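In order of appearance the chains are A, B and C, and numbering begins at 1 in each one.
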Amino acid sequence: MKHRTKEAIFGYVFASPVIIIVLLFTIYPIIMVFYYSFTNYNPLETQKFKYPFNPQESIEFHVGMFQDEVRSVDEIKDSFDLFSFVQYDVGLNLNEEQKQAVAEYFEVEKLLEDFVDGKLNKILTTSEFMTTYMAKKKNLFKKYTPQLVGFDNFKRLFKDEYVRISLVNTLLYTAIVVPVQTFLAVLLAVAANLKVKGVKFYKVVFFLPAITSSAAISMIFWLIYSRPGILNRILVALFGGFGFQPVDWLNNPNTALFAIMLMNIWSTAGYFMVTFLAGLQDIPSTLYEAADIDGASGTQKFWKITLPLLRPQILFVIVMGTIGCMQVFDQIYFLINNMRNITISFYIYKNAFEYGNMGYASSLAIILFGIILLITFLQRKYIPEEY
Amino acid sequence: MTKSKWKAARIVSYIILIAYTLISLFPFLWAALVSFVPLTYFDENGIKKGTDVMSWPPKIRLFEIPPKAFGAPLTLKNYVKVFEVVPLYSRWFLNTLIYAGLVTIGNILIGTLGGYAFARLRFPLKEFWFTLFLGTMMIPGQVTMIPQYTLMVNWGLVNTYSGMVFPKLANIFGLFLMRQFFMNFPKELEEAARIDGAGVFGTFFRIVLPNARPAIGALAIYTFLGAWNDFQWPLIITSRKEMYTLTLGLNFFKTSYYTFWPYMMAATIIMTIPMIIIFLSFQNQFVETGRAVAVKG
Amino acid sequence: MKKLVLSVLMILLVVSSFSVVTITITGWPGNPAEEAAISEIVQKFNASHQDIQVRWDPIAGDYKQTLMTRLSGGQGPDLFYVDIYVFEELARANVLQQLDLYISRDKFDIDDFYPNLVEAFTFNDRVYGIAKDFSTLALFYNKEIFDKYEVAYPTSNDTWFDLLYKATLLKERGYETPMSLAADFNRLIPVIHSFGGRLVKEDLSTALTEKEAVAALKFYIDLASKYEVALLPTTLGAGWLGDAYAKELTAMVMEGPWALGYIREEFPNVETKTGIVELPGLVEKSSMIYTVAWSMNRQSPHKNEAWEVLKFLVTEGQEIFVQKAGVLGSRQSIASKDTDPMKKVFYDSVAFGYPWRVPTPTGIFAKADDYINSLLNDLFAGRITIEKAVDTIEKNYDVWVKP
């Protein structure tokens, strides 16, 4: 076998696990999200063709007579309403297409005869039941398929005030957290790099918040941020003279998001500091020495040597920070209880898993994706350096 | 810089560093303090009193015997109570360990294989796949979580370890990390192996992999950390409290023991301690991940 | 020989594990008093039934979100709580099992339950849940604080303005936090009704923009922002109204009987200082009726066994729950035996209580509830004006009641 071909085969053997997993769990979901956004996918309906039930009991209830009392179909024919039977007693909400199919092809006679003959006293799933008694179009009743609704979801999200609110919150959040945490991380890295003793200690201590789970951090800050909590006490001690009143940081809609931003910066600045520290250490000291000879001041060296050479790290931190902030979820879930302060990722979750509208949630997800792509693209354009 | 300028700069640095150390540590220390305060206690006259961890001043007397805060003697009882009230804690710990462990092992296998392929081997569509993967890094979790959930429902893997783990086995960041590393790997070693007659597999498993320890270590730590602290996916995929991870369990605790702060803090600290121990033991590797990402090719 | 024994043991093990059916029941965890009651109920059932075992698997965090997720994943519990205000939504989605079949088959004494509670969980003439208990709202007040500041106690004949007057007196005489209010729409409803307002018009569009409702809303918010006699529980450092009252951070709250259970379990010294009277009225008297039902999952593979558990939960289980958690019995037989003097006002309030179920064209109300609560929060924080809030409701209500 040619060497080239052999290598290609090996290449695919090695790369196939990654490719398969990514295709299956990332690429395929993205395609599906696009699909769902054009439907009214309701997660509660996914199981509806699997409900187990006893048709005999359902009919007994529907007509108000026990099976052994009924001698012929005529006795129950008039009190049997097919649609209400299917919807309430079998438990299937039908869409237009299914309703028409049922009207045309459902074999009511056969069903009632089987009932009278006592053949229905067993457990069937709704799907088995329907396919038994539908003369044609059985495939409509095997699996739940969401209905296409065209652009309805997208039209709706333009009018939804909470889409605007959550997007604004998310963008505000990103716009504040990313620069602050980046700047803070650079500052700390520069400070630590100034040949200060115990750099290792600082690295460890600053990294600690980053390894703690967001749940734990949220709980701890919930304690600290509460109105009689320690933060307010400290602030009152320092600024009480200027008329500072204790603030309910997390419940006041004006301050809630900022409180969480602060919490986020606290937990990530240390992590990024380490990235910058590594970058700083890669800058040859000869550059600084040359600058000293030329009589450069500290700040000049910082802006003209340090920052430019940290560009790749800065870009990386900004991009990763942006992606992370745009998706912030955990802290919002734990600590925010006012719809005015939610972020778009939380709104997506709420629509999908609480309001039962995964179609709408999917359209929101696409919008979020588009915004992230746009921002990242712009960032890469204006802070040029490959990573 | 003149000597005095250096000195000034260093003093400022010290101040910044020490201030931030306090800021970094304070929340943990405060949480720990509160976790040792009993919810109620019996004073010297045998009268049952409550303690309020929100009271001011906090009257912290750590050097008395017994140490006191908020007017009550500190105790370990809250920790016991957490285990008592939540007998599933150990199960949650196990679940989190299994989840994080499996995801880490999976990522190491898949990431090293894939990383090597993209670094060293030539195969058709290689560039296409890699660019595609890089693009997926930008996709927020919310975009994919709904279809991933649906997929798991359809395969009947909801509330199972497999269902939790499968979608998380190929973290692109990890792939990227390994590829970076392998691209910097000294070619001579591989060539020497080839000359000795080793095939691709042999070269990979016997020469490259054993020497990739630092990168694998960084990958392992990064992945383990992410999975241990993961909240959103376990939230969706589990449906019985036996399958919760620690993060979910903490949320559970919060609803029952709303504002019973000492219990809440004890639960939080218990949840965090395993990670802290792992962190302190593998300090270097952890810090290395922060560094590794910044190293350019 | 060994092999035979082993295989016999294996068979026995397999057979026994098949013959025990485990029924999972789910609700929200509730306060520690309620939790204790539930544990006792579960234990009692398990002890008396060999072939059915019950597991209590509460959902912490957001109940509805998590329940919906589990139901859609095919992993839902066999029995679960359904709160009255989401009942219709779930019934329409056909995820609840009709219980009429079992009721008539076992001749279950459904007539023992208060008729309007049975009605509350009936949809399209089919019963989808059985109320496990119910609660109403009343006014709790701390006698000790009123005595200290020499203000007359609230009475059941007070109007809202009498309440305002007494609260203002407390404040003037030096007590900073006379009452606590929640930014919850369902707490606002009795105020709206007592001002002569209503929630929806005949066509089920919102009536919250009518002048009586707006006046009630204004009064409620003004208590905090204009008259400054009321604060949110979180502002006081408590989790909820009952918590704020029990920790003696405030003198008056409008709460339900579960708060009584909470006080008895955690802060017993406060019970002796507590007085309970009916909520103030104005044009008419009003209160809320809250109720939660046990419903069966339509997907449950063990419906007959789940039915056995359900019967127990609303019969012997209810007795325990009423006693321990302080709620009111939904069975008339249990309610009549409940002679706890502290609960009398709650039972009396049923006469003019409004069941917490707002009719909408689609049966869905939970989302609108979320949004209205958010507006209330904003109002309490002074972030928007009443006019803006009313305007928002007017513009968006129809969208909020759609899925």
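Convention: a residue touches a chain if its C-beta (ideal position, glycine included) is under 8 Å from a C-beta of that chain, and two chains touch if they have at least 3 such contacts.
Keep in mind the model is a prediction, meaning the values are calculated, not measured.
Looking only at C-beta pairs in contact, point me to the busier pair out of A-B and B-C.
A-B
Which chain lies at the heart of the structure, taking centres as C-alpha averages?
Most central by this criterion: A.
Can you check how far apart chain A and chain C are, centre to centre, with Cα atoms defining each centre and the answer in Å?
Computed from C-alpha means, the inter-chain centre distance equals 30 Å.
Centroid of chain A to centroid of chain B, CA atoms only: how many Å?
19
So the centre of each chain is just the mean of its C-alpha atoms; given that, what is the distance between chain B and chain C in Å?
38
List, in ascending order, every residue of chain C touching at least 2 other chains.
Only 61, 69, 72, 74, 237 qualify.
Check each residue of chain B and list the ones that touch at least two other chains.
Counting only residues that touch two or more other chains, chain B contributes 54, 153, 236, 251, 254.
Can you pull out the residues of chain A that are in contact with at least two other chains?
Residue numbers touching two or more other chains: 43, 46, 226, 228-229, 333, 349, 353.
Would you pull the chain A residues touching chain B in the complex into a rising list?
4, 6-12, 14-15, 17-19, 21-22, 24-30, 32-33, 36, 43, 46, 187-188, 190-192, 194-196, 200, 202-209, 211-217, 219-221, 223-224, 226, 228-230, 233, 266, 270-279, 292, 297-298, 312-313, 316, 323, 326-327, 329-330, 333-334, 344-345, 348-349, 352-353, 358, 361-362, 365-366, 368-369, 372-373, 376, 387
Which residues of chain A touch chain C in their complex?
40, 42-48, 50-53, 57-58, 60-61, 84, 87-89, 91-93, 156, 159-162, 226-229, 248, 250-254, 333, 338-340, 349-350, 353-357
Which residues of chain B touch chain C in their complex?
Listed in rising order, the residues of chain B that touch chain C are 50, 52, 54, 149, 152-153, 156, 158-159, 236, 239-241, 251-259.
Can you tell me which positions in chain C touch chain B when the two form their complex?
Residues 24, 28-32, 35, 57-58, 60-61, 69-70, 72-76, 237-240, 243, 247, 267.
Which residues of chain B touch chain A in the complex?
Touching chain A: residues 1, 5, 9-10, 12-14, 16-17, 20-21, 23-25, 27-28, 30-31, 34, 53-56, 58, 109-111, 113-114, 116-118, 121-124, 126, 129, 132-133, 136-148, 150-151, 153, 166-167, 169-170, 172, 175, 200-201, 204, 225, 228-229, 231-232, 235-236, 246-247, 250-251, 254, 261, 264-265, 267-268, 271-272, 275-276, 279-280, 283, 286-287, 290-291, 293-296 of chain B.
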